[in-house]
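Letters A, B, C and D mark the chains in the order given here, with residues in each chain numbered from 1 onward.
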Amino acid sequence: MTTVTVWNEYRHEREDDAVREVYPDGIHATIAEFLDDRGFDVQTATLDDPEHGLTREVLDDTDVLTWWGHEAHEEVSDEVVERVHERVLSGMGLLVLHSGHYSKIFKRLMGTSCGLKWRESGETERIWTVEPGHPIAEGIDECIEVPETEMYGERFDVPAPDTLVFTSWFEGGEVFRSGCCYRRGSGRIFYFRPGHETYPIYHQPEIQTVVANAVSWATPVDT
Amino acid sequence: MTTVTVWNEYRHEREDDAVREVYPDGIHATIAEFLDDRGFDVQTATLDDPEHGLTREVLDDTDVLTWWGHEAHEEVSDEVVERVHERVLSGMGLLVLHSGHYSKIFKRLMGTSCGLKWRESGETERIWTVEPGHPIAEGIDECIEVPETEMYGERFDVPAPDTLVFTSWFEGGEVFRSGCCYRRGSGRIFYFRPGHETYPIYHQPEIQTVVANAVSWATPVDT
Amino acid sequence: MTTVTVWNEYRHEREDDAVREVYPDGIHATIAEFLDDRGFDVQTATLDDPEHGLTREVLDDTDVLTWWGHEAHEEVSDEVVERVHERVLSGMGLLVLHSGHYSKIFKRLMGTSCGLKWRESGETERIWTVEPGHPIAEGIDECIEVPETEMYGERFDVPAPDTLVFTSWFEGGEVFRSGCCYRRGSGRIFYFRPGHETYPIYHQPEIQTVVANAVSWATPVDT
Amino acid sequence: MTTVTVWNEYRHEREDDAVREVYPDGIHATIAEFLDDRGFDVQTATLDDPEHGLTREVLDDTDVLTWWGHEAHEEVSDEVVERVHERVLSGMGLLVLHSGHYSKIFKRLMGTSCGLKWRESGETERIWTVEPGHPIAEGIDECIEVPETEMYGERFDVPAPDTLVFTSWFEGGEVFRSGCCYRRGSGRIFYFRPGHETYPIYHQPEIQTVVANAVSWATPVDT
């Protein structure tokens, strides 16, 4: 059974009432719950845990790590970043969610700035499936509509994904490569755009399906 | 100097007053003119020419072929398609424009259905640059806006492009991989979405720049 | 459970004693047996069956089709090729084995000549794993050694694979991209080079592992 | 005209008579000379120059930087690495040569370990052209033979190249992806394997052709 560690910065939810209303126990609790419901073996870890909850022991026992961070990327210690980096290269899967695009670990793995355009105005996003036969798109229609979200726009400064699974349309006029697969070392990485802290996006069933599919896809092969 | 053959079905312009108003001498004449202005050695050929204007002699003398067709794809002879196919594999560049996505030659080279969604309602398109460092994007801003166009939407059933240069946003809610590079055999292929017959899109300077850049990019190397 | 149809031209084995000695009941029987041993639901079909054994009914019931052909590619009817092509685009997996590189269906899907260099001199091949984290490489060491084989050399005229899993070294001085993944339509295709009729290559356990892994990988997702 | 800065560690040549015999004025002098002969505007810089010869001013004036290093990768200052990294993302081309695979700048851009197998035994390498239509392969036959070289073998722990142009065969039984194109930010990167300090590989005309082609290919587009 795939062992998943759901990592969360867990600051917004403790600092901001509006966020807490959407994710009372933290974004990690919501993600952990729906992954647990789908049969994964799930644990959580957060920034303010000792070693950010990502000791060597925890990582060695993790098949897939999911990463949500936003305002405190710089507080993640370089030592832990290197530890996660090594584990990805040796096979651990990594899901980078939404504002995790600017995390140290994602920038470390991509080698680029990972910059993008953004605008926070609660606009509609439509996530189009570009590769319908990909396992991460299993059970997803041609399009997922997110009623209100923060916009992320191109150019997204990442290496061209090994496989592009989803591309987003935003009401205000932008597009974004929102579901990007990468292989690095022996590990698989999936960047998935949706999921701002002030919108209940991780409560949306199709988004949960994609995250769960991505966890399955990123599970390491036996070697 | 790169020798370009601009191929056009050339039916709409002779049958339909509205189209003739936009392209009085045919889409091919407009494309040929702006390529000639940019220093290419240009000739044209159309469906109703003998052998569609694509004799072995013409093709042997062509570095890059541009292709526009729409209502008469089926009238292109299989023999000429095979001839063009062979030339592409042996190095000739090919630009497939707009509704050329359903041409025999493009389907032959892609190996897929090349299907897509479409809607004709004169909506706005924004063509976002996804690879700003690519030679086909040279001189292009982060986005080209086409005020009125036919919509093409995903899923576009083509192989994942070797390089994705542009992605389009449409007012009505769709996205589209609108600038796709492929290598096949020793030849280079660029699919470029804009260019419906009832809109003056090939008169738009940024679109002309992309087409000219793509011709340069697709020019065969000496071997 | 994945349903596999193992297709074989099945001519060499009936015409040539040396081949029959290696594959007494045909290459398909050997492949079917080791896939059955690994828990797949397997059936076989051959060129000389009515409709080559590939009726619409059989194909509709097939998750993954494996293809071995060599001397009689031209005898495969265009109608059956179109039928298989449609099924791949709608999600069926396809494994193309060794000399199947020149089959009508592979050329139809690739859009290129699929040509390559070859030499038959019983030389050693070493199949190097280029993507150790890929599910098709699961359980495979850094290299599979095939003691005696026919050489296939670059340039292999195919589109750049979406993922390159294996690259072969040949004693006589050539290299070859020998494990190539493609997505076409909603289907997944894997080309795997080893497997000449006069060498017992499909009896080799590591080769069997790769074929079985590839069947799993190419199994369609639920849609 | 493309401005090239040829960077060299320049230690082996000063420390070791055998190396000095092959490259009396340093590897950089040899590379600079053949690029100058081909019409590029060339300057050189070495590790022991102030700021390694790579001041902001020099880099701002450089279209393409070529990088050769081996024994002193760790002596390159992190500040200069960041400076080069930024310039690549903003468009400067980068050619990474041979043992430069382990340079800080290449690892920074790739995000992986960049590890590989190696053996120094003066064996023959055959560099096969996998993409004959690519501009970096212009003028190159199907294969370049290097009579004596150090072996580099897979698995090469890099991201799958955006385009794989060459693959090497080694006498001792290994293969290697020896010509790899990457886009990162707005810049283009080419890794080219040949070129050990104790063999006269940069004196070989075909190798010089590839390096010169790669400089042309990596020259930034106007933006």
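Please note the rule applied: a residue touches a chain if its C-beta (ideal position, glycine included) is under 8 Å from a C-beta of that chain, and two chains touch if they have at least 3 such contacts.
All values derive from a computational prediction rather than experimental measurement.
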Chain-touch separation of subunit B and subunit D, in steps, is 1
Overlaying subunit B on subunit C by their Cα positions calls for a rotation, in degrees to the nearest 5, of 180
Rounded to the nearest Å, the gap between Cα centres of subunit A and subunit D is 35
Residues of subunit B that touch two or more other chains sit at 131-132, 160, 162-163, 183, 185
Note: in the complex, subunit D contacts subunit B through residues 91, 131-135, 137-139, 162-163, 183, 185-188, 220-223
As the complex stands, subunit B meets subunit A at residues 126, 128-132, 142, 153-156, 160, 163-164, 167-170, 173-175, 177
The subunit A residues in contact with subunit D across the complex are 89, 108-113, 157, 159-160, 162, 182-185
